[in-house]
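So that you can tell them apart, the chains are marked A, B, C and D in the order they are listed, and the count of residues begins at 1 in each.
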Amino acid sequence: MSAVQNVIEMSGITKEFGTFRANDNINLDLKRGEIHALLGENGAGKSTLMNILSGLLEPTSGEIKVKGNLVKITSPDVANELGIGMVHQHFMLVDKFTVTENIMLGREKSKFGYIDKKSAEKEIRELSDQYGLKVDPSAKVENITVGMQQRVEILKTLYRGADILIFDEPTGVLTPQEIEELMGIMRKLTAEGKSIILITHKLDEIKQVSNRCTVIRRGKSVDTVDVSTTTQQELADMMVGRSVTFKVDKKPADPKGTVLKVDQLTVKESRGYDAVKEISFEVKAGEILGIAGVDGNGQSELIQALSGLTKSSSGKVHLAGTDITNKKPRKITEAGLGHIPEDRQKYGLILPMTLEENISLQTYYQKPYSNHGFLNYKEIKVHAKRLIEEFDVRTPSEEHTAASLSGGNQQKAIIAREIDRDPSLLIAAQPTRGLDVGAIEYIHKRLIELRDNGKAVLLMSYELDEVMNVSDRIAVMYDGKIISIVKANETNESELGLLMAGVPLAEAKKQVNEDGKEKVTVDSKS
Amino acid sequence: MNTIGILQLIVSSSLIYAAPLIMTALGGTFSERSGVVNIGLEGIMVMGAFMSAVFNIHYAATFGGWTPWFGLLAGGVIGILFSLIHAVATINLRADHIISGTVINLAAPAIGVFLTRAMFGAAQTGPLPESFGRDSFFLLDRIPIIGPIFFENTSGPAYFGILVSVIAWFVLFKTKFGLRLRSVGEHPHAAETLGIKVYAMKYSGVLLSGLLGGMGGAIQAQAIANEFGILTIAGQGFIAMAAMIFGKWNPLGVMGAAIFFGFAQSLSRIGVYIPIIQDIPAIWLLVMPYLLTILVLVGVIGRAEAPARLGTTYIKSR
Amino acid sequence: MLSIVFGFLFGAILMLAFGYNPLLAYDAMISGVFTSPYFMGEALRQATALTFTGLGFALAFKAGFFNIGVSGQALAGWISAIWVALILPDLSKFLLLPLCIIVGMLVGAIWAAIAGVLRAYFGTSEVIVTIMLNYTMLQLTNFIIRDVLTDGGNTSEMVGENASLSLSWLTALTQNSRLNAGIFIAIIVVILYWIFMTRTTAGFEIRAVGLNSHASSYAGMSAKKNIILSMFLSGALAGLGGAIHGLGTFGNIFTQGGLPEIGFDGIAVALLGLGNPIGIFFSSILFGVLDIGAGFMPNRAGVPDEMANIVTAAIIFFIGANYMIRYFIDKRAAKKQTSSSTQGGKV
Amino acid sequence: ACQGENAGDSSEGAGDSNDTDTEETADFKLGMVTDEGGVDDRSFNQSGWEGMQAWAEDNDLGEDAVKYYQSNDASQFVSNLNTAIQDQYDIIYGVGYQLAEAIDDVAENNPDQHFGIVDGAVDRDNVVSLNFRDHEAAYLVGVAAAHTTESDQIGFVGGQRGVVIDRFQAGFEAGVASVNPDIDVDVQYAESFADAAIGQQIAAGMFSSGVDVIYHASGAVGNGVFTEATDRMESDPDNQLWVIGVDRDQEELGEWEGGNLTLTSSLKAVGTAIQLASNEAMEEGFQGGENIVYGLAEDGVGITEGNMSEEAWSAVEEARQAILDGDVEIPETPEAE
């Protein structure tokens, strides 16, 4: 056995769902102590491949060797025994359970069936200290931040003694700080001899931490490359199969009159404390205002209040001249609001309904889609067909259910619906979450197009890149307040990062300048 | 009647009514905690009542005073068999839980009476030779005041139900099995990724509901009706379901809710002996248990939180 | 359809197991109903009431609610329709009959709406509330019959001709069965229900709220309004069924020991019809035939009439478990496919 | 008309062995439609059916001469009656007051068919009504109860309030009062004929308040009354409690370890009434339009000796004689409170 040993060797893996081939003769190997990135468009088959490795799916054909031995991974239990643990794209946590319960589930410490919570908690604390994974073992999962939920997921695999970890899009829901932290954790894990497969759509993350990268396109492996010698552009091109542009092309903004005016708005969170505290800001026609901030600083509540899904406790909101404070969602929509909701499956779509019904979800009661309370399916269909065509929503037909669409296409359908209503203000909350670069590119283009047509856009995203590239101005939220509003072209990532951490603007500028100097010196030395 | 007498009466007559409900509602709790709605409890009770009656009649000579307790087991066993139908239908065959439960409710009385006719030549079994009777708890009944109120000449099955509630609570919240069962009702996918056998857990939940529901029916037959007939189970399964929701799927809460139903029923029956209450017009007393339940639910308890994935079919990804 | 065949097959196997002759039993049932206009009329009459309660349950079910209270709501419709008819016996038929039906419908609707309101404003489980309201209505009805409609009696007077739903030609056609104008109301309501649910914005909203209440409120629909509305309409249908059952089948009301069967059978009918109004109508007829036909089994085939209920249960079971049937069909189709494709490969 | 060859199968119980074809022999035939509960309910319907079977045997008519139709729900009464009409019977009996309206209705449409209603009244030329002086039997058990109670507190548990149960209550109260007007009769209604748990709760309340004899007229609810009494007796055998059964001899329900606590049962001989009326109809022609009331005199109602003391029994005998002699007037409705 050589020093650099393959802990995983997957060869010729094929997985068919009915007649559809999600994985087609894929090969992948993972070396000990390596971080191996897996890159591919939405639906390329990455999760499928990893689900096979973690025992959730059985391959139609192909071989898997773990640490040199040919194995059949028939269940998650078997994967566990082999030391394979997976952090899933959609968290696999039981909301109503505590952190400890979630971690020990399936591997409970017990005497005669009676759970020994104390010793489990102790072990979790030790693990969490060892890897710097801060969690509160007795908190309920529904009450902790997304970042902590992720750490719980990682602890789950470590608790089971996994030394091969699979991360499926782990950063999609994290703040920059949390991402930074996660990268550190991953390095620490590999330093301890663990091996990691990382699925991500973010090329900079791949560059940052991984050693090698395997690119998958339409279920087939394209190539495995050494990350240090490959540029981001090359990776992206390989993935999509054509050349992609990253820079968002946009003219300078030409803001006109005020469209949205928020005045001293306060919103209580469902458990009763103020999540948004006396916020005031404006969005003008022809500009994109970005809202940056770490998850949980009141952004969601702000948007819920603006769109009428929750009530504010004080303050005023005006949209295009009408007072929409605490009005019902429909009134607000009619006053000119378009809204791409943060959680597309919970709020944006009625999954079991057809695409055409979903596309008219906001307008079904208006002419020509209905008349005196009767729906006009002819018009609804014509309209849906037009939008599907125009926004390139990939679906066999408008009569298929929204559930049958992939996430990216679901999002496109929502965007089509909201933009087509020609709203004077579009709120886009995390519009590209979990989408591949191609889809992201498209959505950004549409947002800017909207702006250029003289509409106002409010873009909320935890993705700093996105906020910086797409917005004209950026409002940074911290602890329920807007700590500062800066021009996008006059700021940088570090400054925003500090603002998001609650450092006031003047202070942040000062720090950034000092840091910059330091960095320059460090760089020049190396 | 003196105060202690009234109190003892209220307690014991509440427990009479509550005993079958407690067991059945606990059964429902296990099933729903595993994510399977079980509106078939009524039917399961019918089968439990039927089986225990048959057992009682056939084996009274063999087991003497212990017959009802073995009959309880027999009711539980048939309940398990019957709930197996529900389990197969909802878990493997992906049937809608409500449809399957309705099937059980439709089929059970028909089968019960069909078989009773076949075995006894009549639609009723006739009186059972051994019934549960009354129990006093050794020593506990000597405690002043509390003793006579709670532990003297009281319903054995009800205390059995209370004991089972405590065990059920312990099992559900303190053991490995309970944690796994609940995880399956909340997030079966997560459970599966952790190597938990989702189907097996769901089966356990449903079969436990059969066991306990069957026992509930057996209590109704052997402690109250003292026979089996089409009228032996007349809506108790539905009330038990209400108790389960009322008790928020927590065995102790469920037990409390069942006793509350017993209490409310009891007030309307024995209210005539209690000053003030006896002046309320009869119709109000009759509808009071139901209205009181609604009021308590609205005013005090509020929103009931069901297991997150209750009623949804889990499809293994393969 | 296949499920129905399987249901009957299952019943046949069970009968064989107990030494009965299933062919004789089914023959008794089918020919009992279908060779006599009278019993066909009776089967349709039974189907009439079930159509309403089935639609009532289905409507709430579509909106995401489990209205176990259709029984109580039907009873509410029944007692109030009869009550109105007895209070105003001299009103012309033109006014009285619609009035009775509308009042029955409204009372049923309000009774169900209580559960809707509590659900909307307090989040109270509609399952418990409707169960409790069922028993409340049962006691209330018996009380009204005894202490208001009669002087301590168990049976109210018969309603007058002006509140009767019977149509002489229909009665004559079916040799004096109690089939009445209710069947036409049922057909109309089936059509209206279909139009309402699939073609109106209100129906669209009810479906949307039932499928995803979050997205519905995002889209400007009021969850509260729709919860209450759907329970109201569900109760209205059940109440209508009760009113028509009362005026059409009985012409009076009597004290009862339990909730009317049409309620719980309505739930089964709704599940059998898979929530589709036309399906519900036909499954009501199937139920009607089974119900009436069952009466022939003990005498003509010596099979206890419980068998009919077992068959019904089996049919619903197979409909619920149609995944199994589909699975086997698919499997066979797949087998055929692979075998044919390998053949193709050889060529 | 087609009568199933196997019609005998449905007539379980007595005389089931004769399988020979007797289709043509029966020249007088009776049909019976049950009320909810079925023919084998060990009570009312069963008594009616057994009476019919006995009648067929007595008259050597073969088993095809009688047949029943079972109703599970009130809506089936009319269709069952019509099924019976198709099968051509000389008289079709409906058993139970619930069937009165249905018979009235069907009789109107079929003037040539003869009907009988048991425990109800239908005023038509082709209907005979058979009724019972339930209050006479109730009176007698009231006398028995009054002679048995030691606490001077007696309970009455009714099923659902209504004309029939009113007769029981009124007769019972009168019987008790005839012995000792100071005895307290605690009257409660379960408002159900089904839920035994309610019966048990009511009985628990009554016994706790000092009642030592309960008469029930409440169907399956009464099972709960018996259960409560036996439970109490078994845990405290020195404190003698009694229950009085209804409609048929309910002695078997009163068994407990130390004896039997069914004091007596009031009887209602539905079968006897049907036999008597049918014989009369066969011999003297149909009694259309009549309301024949069966009381103690006709053995239509009665009382079992049960476990009464001799003193009580002789008091009952005495009271019976007084009734037969027309010396006592028994009310049919309870006194208004």
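Note that a residue touches a chain if its C-beta (ideal position, glycine included) is under 8 Å from a C-beta of that chain, and two chains touch if they have at least 3 such contacts.
Chain by chain, the UniProt names read as follows: A = Unspecified monosaccharide ABC transport system, ATP-binding protein; B = Unspecified monosaccharide ABC transport system, permease component 2; C = ABC transporter permease.
Source: prediction; values computed, not measured.
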Chain pair, B-C or A-C, that carries the greater number of C-beta contacts: B-C
Mean-CA-position distance for chain C (ABC transporter permease) and chain B (Å): 28
Whole-Å separation of chain centres (CA-atom averages), chain A against chain B: 46
For chain B paired with chain D, centre-to-centre distance based on mean C-alpha positions, whole Å: 34
Residue list for chain D, restricted to those that touch at least two other chains: 191-194
Where chain C (ABC transporter permease) touches two or more other chains, by residue: 139, 258
Two or more partner chains touched - positions in chain B: 117, 234-235, 286
All pairs of touching chains, each written as two labels joined by a dash: A-B, A-C, B-C, B-D, C-D
In the complex with chain D, residue positions of chain C (ABC transporter permease) that touch it: 24, 28, 32, 36, 38-39, 42, 46, 139, 142, 146, 152-155, 158, 176-178, 245, 249-252, 254-258, 261-262, 291-292, 295-296, 298-302, 305
Interface residues, chain C (ABC transporter permease) side, partner chain B - complex: 18, 66, 68, 118, 122-125, 127-129, 131-133, 135-136, 139-140, 143, 147, 258-259, 264, 267-268, 271, 304, 306-307, 309-310, 312-314, 316-317, 319-324
Contact set on chain B toward chain C (ABC transporter permease) in their complex: 39, 85, 89, 92-96, 98-100, 102-107, 109-111, 113-114, 117-118, 234-235, 238-239, 241-242, 245-246, 283, 286-287, 289-291, 293-294, 297-298, 302-304
Of all residues in chain A, those that touch chain C (ABC transporter permease) in their complex: 307, 309, 328-331, 333, 339, 341, 346-353, 357, 361-362, 364-365, 370, 373-375, 377
Residues of chain B touching chain D in the complex: 1, 5, 8-9, 12-13, 16-17, 20, 117, 121-124, 126-127, 129, 131-136, 153, 220, 223-227, 229-232, 234-236, 265-266, 269-270, 272-273, 282, 286
